[in-house]
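So, here's a batch of structures to check.
Common to both upcoming complexes is chain A, partnered first by chain B, then by chain C.
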Partner chain A sequence: MNDPVQPILAVRNLTVQFPLRRRPGQPRRHVHAVRGVSLDIAPGETLGLIGESGCGKSTLARAIVRLAPITSGEVYLAGNPWHNLPERRLRPLRPAAQMIFQDPWSSLNPRMRIGRIIEEPLIVQKRGDRDERQATVARVLEQVGLHPDDAGKYPHQFSGGQRQRIGIARALVLEPQLLLADEAVSALDVSVQAQILNLLADLRAEHRFSMLFISHDLRVVEQVSDRIAVMYLGKIVELGSPEDVLDHSRHPYTRALVEAVPEIDARGRRRVILGGEPPSPINPPRGCAFAGRCPRAQDRCHTEDAVLTGDDHQVACHYPLTEDPG
Partner chain B sequence: MALLEAEQLVSVFPTQGEPVRAVDGVDLHIDEGETVCLVGESGCGKSAFALSAMGLMPSGRDAHPNGRLHFDGEDVLKWDEQRWCAIRGRDIGMIFQEPMTSLNPVIRVGTQLMEPLLIHGLANRTDARRQAIEALARVGIPQPDRMLERYPHELSGGMRQRVMIAIATICRPRLLIADEPTTALDVTVEAQILELLADLKQQHGMAMLFITHDLGVVAELADRVYVMYAGQIVESGTLAQVFDQPGHPYTQGLLRSMPRRHQRGRRLYTIPGTVPPPHQRPSGCRFAPRCPYADAACEQPVTLRDLAAGHTVRCVHPDRARSQQDE
Partner chain C sequence: MIRVASVILGAWVALALVALAWPDAVVNLDQALALPGSPHCPFGCDALGRPLGRLIAEGALTALIIGTGTVLLAGTAGVVLGAGAALVGGWLEQVVMRITDVLLAFPGILLAIAITAVAGPGRMTIIVALSITGWTGYARLARGETLRLRESAFVEAARVAGAPRAAILYRHILPNLLAPVTVQATFAFAGAVIAESSLSFLGLGDPTAASWGSLLAEGVRHLRAAPHLSVIPGLVISAVVLALNLAGDALTERFDPRRETAAGQPG
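Presenting the complex of A and B:
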């Protein structure tokens, strides 16, 4: 963990709360979407982020790129504070961190030609003249496996996988140091998904960008990640290498996630199903947020916060699993 | 008798130019209480088939004179919109691929949930409210009475999908058409929802057409599987037939490109090329330009042939594909 290399991304104790509409006669309440997250991503590293729906993955990514409001905590990009910059000073720095969104349909303006969609960030950033920009667009299109002539077409003329390539091209055109891929392959069918995952691997090898890779598909996250973080109700509960986190899970929630993976080879299996629901992020419980669903919970778990501890393999649990019982 | 039966079904999207034959001669049947999975690459026509089975696409005899579509023995291509409205949501429930297009973001969940019961005259308001709360509890939503007051835009993806399922099944349909209902969900919620659908199937003998691109989910859920490519069915059979002895090179490609556990950092297999757009489909086997086993014999139109009882494949060289599979 005491890596001498400066991380591309350092997140410290990040908190995001969304205010709720006030009910008459009641104090204002908040959705506690991200509750004190700290993590680092090294240059060239891909950190996979998994966790249940609503646990705060997208909000974390959006807060990192300042698309969601940061309530407290710090974000450093290549060592520079980023959480407290006003929009005016943020804009010229934004290229460093780019997002790829889940939905290749709604994230592209249907009335803009592809070339313009990809050129737009360059125009906003006042990069190069028209000819230079168009040369860049052509180059990026080729990098993502499209044809330079595709610049003249509109989004509806492309398949879902091709549109996701366009989304990636748009994210890459500013040569970011950090890519945040939020369910970037989830909407794609397997063969296209495989193409995009291979493409991301190739681009990563070539450009050495770092990546925060969010997916609910643990098989995909395992495929691409150097390390994996598991999130539950706004907090990281386990963090480490894929081997540590998936094969030697220490947090009972991670174990439940791993066991829930649908597998071709496990025919007609009834998965071990994690019962219950995550608690409401409006009223996060005291103690470990997983306690109410956890088979290992003791009294202490309901009262005392479980803090993320450990060196390379970190876990936030009072009674972590020790050895894989097989 | 099959509950739903399509034969040579053709459905078209009318466009300004040439109409798009999204469903181009599909044979598919679903028996009472059976779970059938439909898989295939993006754009191959899965959603279009689902829409056809809900009477939401121009299919009729104008599209293709030999096309047939029967529900519960009735020729539904003859149905008018009024008849469809009586069936849709009551006998056939549907979960659409994109929840936000079918859930109205600015109408309360409760109102949207009670609507099918009220429209079909299955309950009065008090009763509908009670059933709405029950339906939300059944899909695992905590504090269901409070959920009634909320708006879809306030919910996370998983919650929205549960609400969708609650709406689609509130009238206890005989057939549920679920178009990628768990694609956007994480595995624990997916596992719960698949279990929920399996329970609904068991308790009410509900049949299901389940569209997904996750072959892991298919492995867990399906009684039978249909593989679709470029508007046609290219393989069908029981789960074991299709997954263990795939006869079509495309089915094999899909199975091989699936990410699996313990394949860290390994390059995934990809099927070369892309699906031909509807207006550029080859006249012979539609998969031929991407197929490793294609030869001159594949340049003629290929019909579905039986490999074994209940196992059909649209390929002239299923043996080539299979000998490769065994290696």
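Presenting the complex of A and C:
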């Protein structure tokens, strides 16, 4: 990356491993959830992260905000190292990166009023006095399309889409530089999805935050992202602009993902049929993780892992698809 | 049903309050084993001629004190240990949960009998004896709920905002523990009333105060001459325990989040 602007988020060779219960007579094994991910997000940029469930995309986001333990690697937020700070020193920096959660039903405390839910981050960060905080809450509620009077209600009085708006308001109230949206619209109806995506676009235009937008839904990611990263078994296998990644996919896995989406099927001129399942993250293969399912795999793919290479359009594949296939 | 339960529980508390103001029962051998409806004692008299109504009221007070004491002591200890075990984890969690397993495998009433036999009868002894096994139910519940809540997205959101552990416990975990613990406490209250009656039936109750259990035991001796002496305390115990269980069921339903959702649609 020879970007002259300092990135808001810089992740360097990040790995996350979860230890498994030790079996007698065996060395301790680990789930390799994230296996050496590096990426940058520029100010105001939205990076879309796609991949099937279990590929480690949620864990990556959770590790960035230190909800999941970082095994090795580095995370910098606006140039400040985050990966090695103890919680006490991290706390005052935390407003910079906030998160929107997948499930609008479990992400709001059922015994707290909306106003209190949105005010809590301000209380935790000791921002302003009570009146100032409530004025902020009222303002943010309006920004996400709710009424200031809703502050007195409880979460169960709202629909899924409204609850997701409340979750967004809670994330925005600290004016973060980076918003991590982990499957933020996946639990919603399609029509409500569109409303929330439009809301996020409006808020982005106004507040100019960067976003890591995680989804398994290509159409949603394509709609919001400036760049797209494709993740497979804990690694990024392709990274680039939406046109590059989706229309001119170079990694066979990305191609298979694109062709699995019915609406944009016309893009794929040859259909790649994917058999099998991703390998186990407990015992990842030595070579390319995708080799076992890949129609283009050669002997080398099974023994030697591919590294992400390229400038604007990066791909981790020994035998990438040519720019304009057949 | 909840109305019936409320009336019974209300009458129980009223009776206990009456006992506080009522002068001590006087021995009056002329009235010994008098049947209900006699002028001196409308509910009959015991073998010493004391009015049964007066003794039942005293038993209501005993049951209320011991039940409340046990629920408070066992509930506090159980919630603190269970939630603490879940939050701290590690060896503390292992120790607390293994003790819970052992105590749950052990018949509680037997342990309570052993403790009162050693420590000597008395209200405080019974409360402690019942709490020593009673806290385990709360601890299991509190641990399970805390583990669930700790992983919930709203707790994670609080962590991402930078909330310290104490604030998460106070604002997010304890308020959400309140509903299930209240339900548990209601059922445990019924259990404590039965346990107290059983102990005093066996002669291990507080000898200075009348108890429904000791009245029942006393009445059994005069079952033919004065059946009311055992029937009335027996019915009182059954009614109170039934009312507590009904109240527990009602609370379970009341705290069901699905019910809350249905009741609180916007509009």
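FYI, the second predicted complex is superposed on the first by the 310 of 326 C-alpha atoms of A that agree within 3 Å, B and C clash if a C-alpha of one lies under 4 Å from a C-alpha of the other, contacts with A are read in each partner's own complex, and residues count from 1 in each chain.
In this text, a contact is a pair of C-beta atoms (placed from the backbone, for glycine too) under 8 Å apart; a residue touches a chain by one contact, two chains touch by 3 or more.
Bear in mind that the values here come from a model prediction, so they are computed numbers and not experimental data.
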- Overlay done on chain A, so just call it for chain B and chain C: clash or fit. fit
- Could you say whether A:Arg28 touches chain B, chain C, both of them, or neither, answering first, second, both or neither? neither
- Of the two partner chains, chain B (first) and chain C (second), which one does A:Pro95 touch, if any: first, second, both, or neither? second
- Message: After the superposition on A, what does A:Leu108 contact: first (chain B), second (chain C), both or neither?
- Response: second
- Larger contact residue set on chain A - chain B or chain C: B
- Task: For A:Gly167, decide between first (touching chain B), second (touching chain C), both and neither.
- Result: second
- Message: Quick check for you: in the superposed arrangement, does A:Ala187 touch first (chain B), second (chain C), both or neither?
- Response: first
- Query: Which partner does A:Ser159 reach: the first (chain B), the second (chain C), both, or neither?
  - Reply: both
- Task: In the superposition described above, what is the shortest C-alpha distance between chain B and chain C in Å? Please give a whole number.
- Result: 5
- Following superposition on chain A, which residues of chain A contact chain B and also contact chain C? 102, 159, 162
- Note on the structure: In the complex, chain A touches chain B at residues 50-54, 102, 159-162, 183, 186-195, 197-198, 201, 216-220, 222-223, 242, 246, 256-257, 260-271, 273-274, 277, 280
- In the complex with chain A, residue positions of chain C that touch it: 152-154, 156-164, 167, 171-172, 175-176, 178, 257, 260-261, 264-266
- Message: If we count contacts the way the header does, which residues on chain B are in touch with chain A in the complex?
- Response: 40-43, 140-142, 156-159, 183-192, 194-195, 213-217, 219-220, 239-240, 243, 253-255, 257-271, 274-275
- Report the residues of chain A in contact with chain C in the complex, numbered from low to high. 62, 65, 67, 90-92, 94-95, 97-99, 101-103, 106-112, 117, 120-121, 124-125, 153-154, 156-159, 162, 167, 170-171, 174
